[in-house]
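Below, chain A partners chain B and then partners chain C, in two separate complexes.
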Partner chain A sequence: MDPIVYVSLGAALAAGLAGAASAFGVGVAGAAAAGVVAEDEKNFKNALILEGLPMTQSIYGLITLFLILMVSGILGGGFKFTANNPDNIVKSAILLGAGLVVGLTGLSAIPQGIIASAGIGAVAKNPKTFTQGIIFAAMAETMAIFGLVGALIMIVTGVGF
Partner chain B sequence: MFRPEEMVKIEVITLNRYKDSLLTYLHENGVVEIRELDVKSAQKDSPNEYHRKAASYSITISRLVDFLKAYRRKTGGGIKEFIFPPERARKKYRYEGIEKLIKDVESFLAQVEPEIKAVEGKITSTQTEIERIKGEIAVLELLSALNLDVSYLRSTDMLEIVVGTVDRNKFRPLVEEVTRATENRAVIVSKDFKDKVLAVFVFLKSDYEKANPILAKYSLERIEIPEGEGTPRELIAVYEEKLRAKEEELESAKKDAEMLAEKYYDDVVFYQELMENERDKSTVLPMLARTNMTFAMTGWLPRANVPEVLEGIKRVTEGKAYINVREPDEEELDEIPIKLKNPGWARPFEMLTEMYGVPKYDEIDPTPIITFTYSFFFGFMLTDFMYGLIIAIIAALLVKGHKKFNDGTYKFSYTLLISSFFTMIMGAIFGSYFGNALDLAGFTVPRVWDTFKDALVVLQLALAIGLAHLFLGYTVGFIVKLKNGDKKSALLDQLPWMLIILGIVTLVLGTNSPSAGTVGKALFGIGLILFAIGEIVNNGGLAVLLIISDFFGFVGSWLSYARLMALALATAGIAMVINILVQMIWGVSIGPVPIGIVIGLILFVGGQLFSVAINALGAFVHSLRLQYVEFFGTFYSGEGKPFEPFRAKREVSELEFEA
Partner chain C sequence: MEPEAVSGILNTTLAVVFTWVGYKTAKIIWKYTPYSYPNARIKAMEAKLLTEQRFNELAESRTLQNFVVSLEDTEYRDYFANLSSYDVESIERALEKALAGTYELMVKILPKRVNPFFRLMLEEWDVRNIASVVKAKLAGEPAADYVVEIGTMLPKVKAMAEAKTMEEILVILEGTPYEEPYQKLLLGEIDVRTFETELYRMHYGKLLSYALSGKEDERVILEEFVRLRIDKLNILTVLRAKAAGMSAEEISPMLIPGGSVKLDPLLHVDDLSMALAELDSTKYGPVIREVREEVERDLSVLERALERHIIGRLNELNRFYPLSVASPLSYILQKEREVRKLRAVAKLISDGLEPERIKELAGDAA
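Entry: the complex of A and B
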């Protein structure tokens, strides 16, 4: 395959998978949020913040997309790996891997949405559990953060700016 | 600092006649936590009739408050009110025993309650009346299809007239059955109306008995004919006139309510607070022990308050009291309530400790440590000078506005303010001002590291900080356990990890010198062996599994600090994405109009504000998580009982009282 295929697949999978997962997560939490706001409008602020938590995975995906586009030269300048030689193929395959790592660990947005939705229900009953609810939801994000760290290491050491 | 406030136990026995004033003194003073006293030979105390009255009046008054609150004129509101809320004035009340207070409340209620109830009743009845008139107008509109004088639709001496609606498909069989039952002595007038039929049935009085069950069987919905003469159209005009009059009446009643709110709201809230405090005061009565003449109570208080409280009790009881203040026993260690004690700069951070759980009495209070580490981690994860500045400005305003209340908003803003300083410092080190905005604009920004180009340096920094944080936690735990005489746990749970961390550090720092390598390996090895022994001592046979899982648990905790790097890069990344988008759009112009600059500016401001919000949320959550999960996991239980003093809530009232 040409290097461009690897690079664009990497960028697309990072932002695409993570974004889709975030959408699922926000969706699950949003349904719960709509319910508790109907009970009491005061829940809006707390529910909104909890609902927003599964969104971060899509941001990690977006950052990875931009980094991949930058290091490969698509953004600013020109595509660096046009020649189909082994060196360029290795580098672009590493970018595909980095994108895939972020995309797959970004799936953690779905369970995070489930946790957030339970948190929203709990906050409606007892507003004091707000911070605890956030921390519980943040636990699920750890995997996405590890994925981002891994991807960054792959990009920086494997390809470099 | 580092230790919760020292507590002592107080025991008081005195005469029953001083009970009310002693409890009032303690309630207003608010430094003693009263505990249940179990004495076999004495019975428990219980609330008397005045206490019960206080509870019932607090409900009565809170109903009045709810009503008046709805009609209170709105003052200010908006963002200024949020940042600088006005202080509420406190009214003084001279307390001369609960009997007098209840009498005062009764005379206040006797004056105010009928006035408020009258207006409230007026508003409710007018609203019901308006609803009724609206209903009749709707009926008349329905009847207007018939265009008959409504007086013809009322029953007379001879005739029974029924007006109602029925489903259209039921109408025909209904007519047939009615005609059959009354042997044709029925007149039926009907009009189609949507999917229903409006029908008027006229029977002889004598036939009504037969027809009525049939009407019910076909579920005819009867219509009450509104009062008045003339066709429905004429009557609607009359009723609308009535409606207008009633609405004016409602408006004037609401004006009265507003005037009452203006006049009495503050007073009503004042008495509500007085009554609620009396009610709360009586909740401790069942914790006291009593005889015919005397009562006894016990509780905890901070050592620093002892002289003041002793003096107060003596004054209140005119010296006729037995008071015993003593040190806590060994077995009472888990009973002692915990009041955190920190210098002013760390006090708002107690909120974060309390959210997790306060320390046990013999544990260390981690507030001073997390004051520094939490703020630093927050700054590391946000890492942008301008973001720090924005947060600092908002937080400083809120701190200024809420300081006098010492409320949650003040504490949280204070933690944000401290964190924002670290954010600015980290931002300057990484040369990040709205991300790479200045670089894109063509300026040379001084920086020690670049977030993206030196990403690996950032990762190494993050892991080094993590190791230091964990080492701090294990060391603190080691010292605390050693001090508390728990040598086994100190040597087997805390020390191994300290040695392992030291080993790792020596190995990493001394990669080039063989002697350092040996020392590092030795430290690591000893640590690992101690750890294994600890696991075997603690868990016996299960140790084989737990050694593996606990060791990798430690590795996981350590690697978890990589989030410091990831979130720092996420901030820089989001800012960069926004900046690149703005740069793309900047040069666009339609003819001579530089539309790109306008849209670019909007995008820049909106985007960066979004980025501050989402990244600050991330930094808050993950910095807190590193404290709660990774750091506290090394040494802290947080299983103490928080100090809940017997204290009156005074927002709008102040008690003047002499014993």
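Entry: the complex of A and C
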């Protein structure tokens, strides 16, 4: 495959996988939110906050997409790795890896949505568990943050601006 | 390394990683997402279950009208809206309809792969109703008084209660699974006790086979739930039979297969005390020990203790599998207990008992 394919794939996977996972996560938590609001409208505020937690992975995906497109020159100039030589293939593979790391760790949005969903139910039963619910759901976020940090290191050290 | 080799390694890695991730993600989504909406809604419904303090307030109602008014801010309001009069029968009917409504809600909101189980659970009310109607008819009592307003074949049950002859009931039951045992009863091949056992055997057989057809967590939870219910029925049957001095040969046909506890040693003991001592070494030992002294006087104490044990076990499973069928099962049992307690309070108010006595007796009913 040409380097352009790897770079584009990396950018697409970062934003696409993380975005799709966020959509699933928000969907799962949203269904739970609808369930508790159907029983009592007072649950809306707490449910909304918990429901929004799995959205962050899509932001990390978007940041990575912009970074990959910028360092490879697709955004704001010409593509830097046009020639199909080993150096360019390695650099484009690093960008693909960076995108993949963010995309795959972005899948944590799905379990985060499941945790948020259980949290929404728990908060509806006992509103005092709201903070704990947020903390439990936020734990799944750590993996996505690690992924973003890893991707930044890969991009900066492996390819550079 | 050649560029083609690098490309090959990358492509293979991508294919492997994506296949694995895709499979795992799809599995997680299939397993948990269908429970997201119903379980959250059930948790919110659990928050609305009546507390002990609320029952104490209800016990102070003095009149049935006050009792109904006190429940105005609960979901029972809709069911009390059509009350023709504030008599205990109408209130009991309304409460039964509320419980039936809960079952229907479960069937509606739960994932398709488990909602047939709740429809099957609803059939237990058919079994109870049919057995009650047949027993009442044989005893020459007004059968309609024994009909509970829940079940999948309520119109048929009501028609049975109004039937003039026992043969008419056979026509009503035609085409249902209960036709065959009833036919045997009519022909005198079995007695009414065996008929009732036969109905429960059929019902629990269906529940167990549905539970065993499930997968992973669902199978674990449903199977344990059904076996616990079978154990409860069998233990109570054996102990009641022992209290009545029945022999092992007489008790054995009354038991429902599929329980998790071996009851053979219990069948051969001489009396209730020995049967309780025998049960002590089973997993129900701690439950028995808690109520040991009262049980020897009143077996209904054990019935309630076993019911509490089942709810407790389901709550444990619910904590272990938060997005699973354990939550709706636990809720439905808690709701049944609440309705039973409300019926008891309404009955005691109509009997004119003092609030303190109502609180005491209603606590026992749960």
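Observations
As a working rule, the second predicted complex is superposed on the first by the 161 of 161 C-alpha atoms of A that agree within 3 Å, B and C clash if a C-alpha of one lies under 4 Å from a C-alpha of the other, contacts with A are read in each partner's own complex, and residues count from 1 in each chain.
The rule we apply is simple: a residue touches a chain if its C-beta (ideal position, glycine included) is under 8 Å from a C-beta of that chain, and two chains touch if they have at least 3 such contacts.
All of these numbers come straight from a predicted model, not from anything done at the bench.
After alignment on the shared chain A, the placement of chain B and chain C results in a side-by-side fit free of clashes. Contacts of A:48 after superposition: neither chain B nor chain C is touched. With both complexes placed on chain A, chain A has more residues touched by C than by the other of chain B and chain C.
By the document's definition of touching, of the two partners only chain C reaches A:111; chain B does not.
With both structures placed on the common chain, the touch criterion links A:93 to chain C but leaves chain B unconnected.
Put simply, if you stand at the Cα centre of chain A and look at the Cα centres of chain B and chain C, the angle between them is 50 degrees to the nearest 10. Once chain A of one complex is fitted onto chain A of the other, the partner contacts of A:67 are limited to chain B, with no touch recorded for chain C. In the superposition on chain A, A:84 makes contact with chain C only, not with chain B.
Looking at the shared chain after the overlay, A:4 reaches neither chain B nor chain C.
The minimum CA-CA separation between chain B and chain C in the overlaid arrangement is 10 Å, rounded to the whole angstrom. In the superposition on chain A, no residue of chain A contacts both chain B and chain C. Taken together, the chain A residues at the contact with chain B in this complex read 49, 52-53, 55-56, 59-60, 62-63, 66-67, 75, 131-132, 134-135, 138-139, 141-142, 145-146, 148-149, 152-153, 156-157, 161. By the touch criterion given at the top, residues 1, 3, 6-7, 10-11, 14, 17, 21, 25, 28-29, 32-33, 36-48, 109, 322-323, 327 of chain C touch chain A in their complex. By the touch criterion given at the top, residues 1, 6, 21, 24, 27-29, 31-36, 38-40, 43, 84-86, 89-90, 93, 96, 100, 104, 107, 110-111, 114, 117-118, 120-122, 124-126 of chain A touch chain C in their complex. Those residues of chain B whose C-beta lies close enough to touch chain A in the complex are 355, 452-453, 455-456, 459, 559-560, 562-563, 565-567, 569-570, 573-574, 576-577, 580, 614, 617-618, 621-622, 624-625, 628-629.
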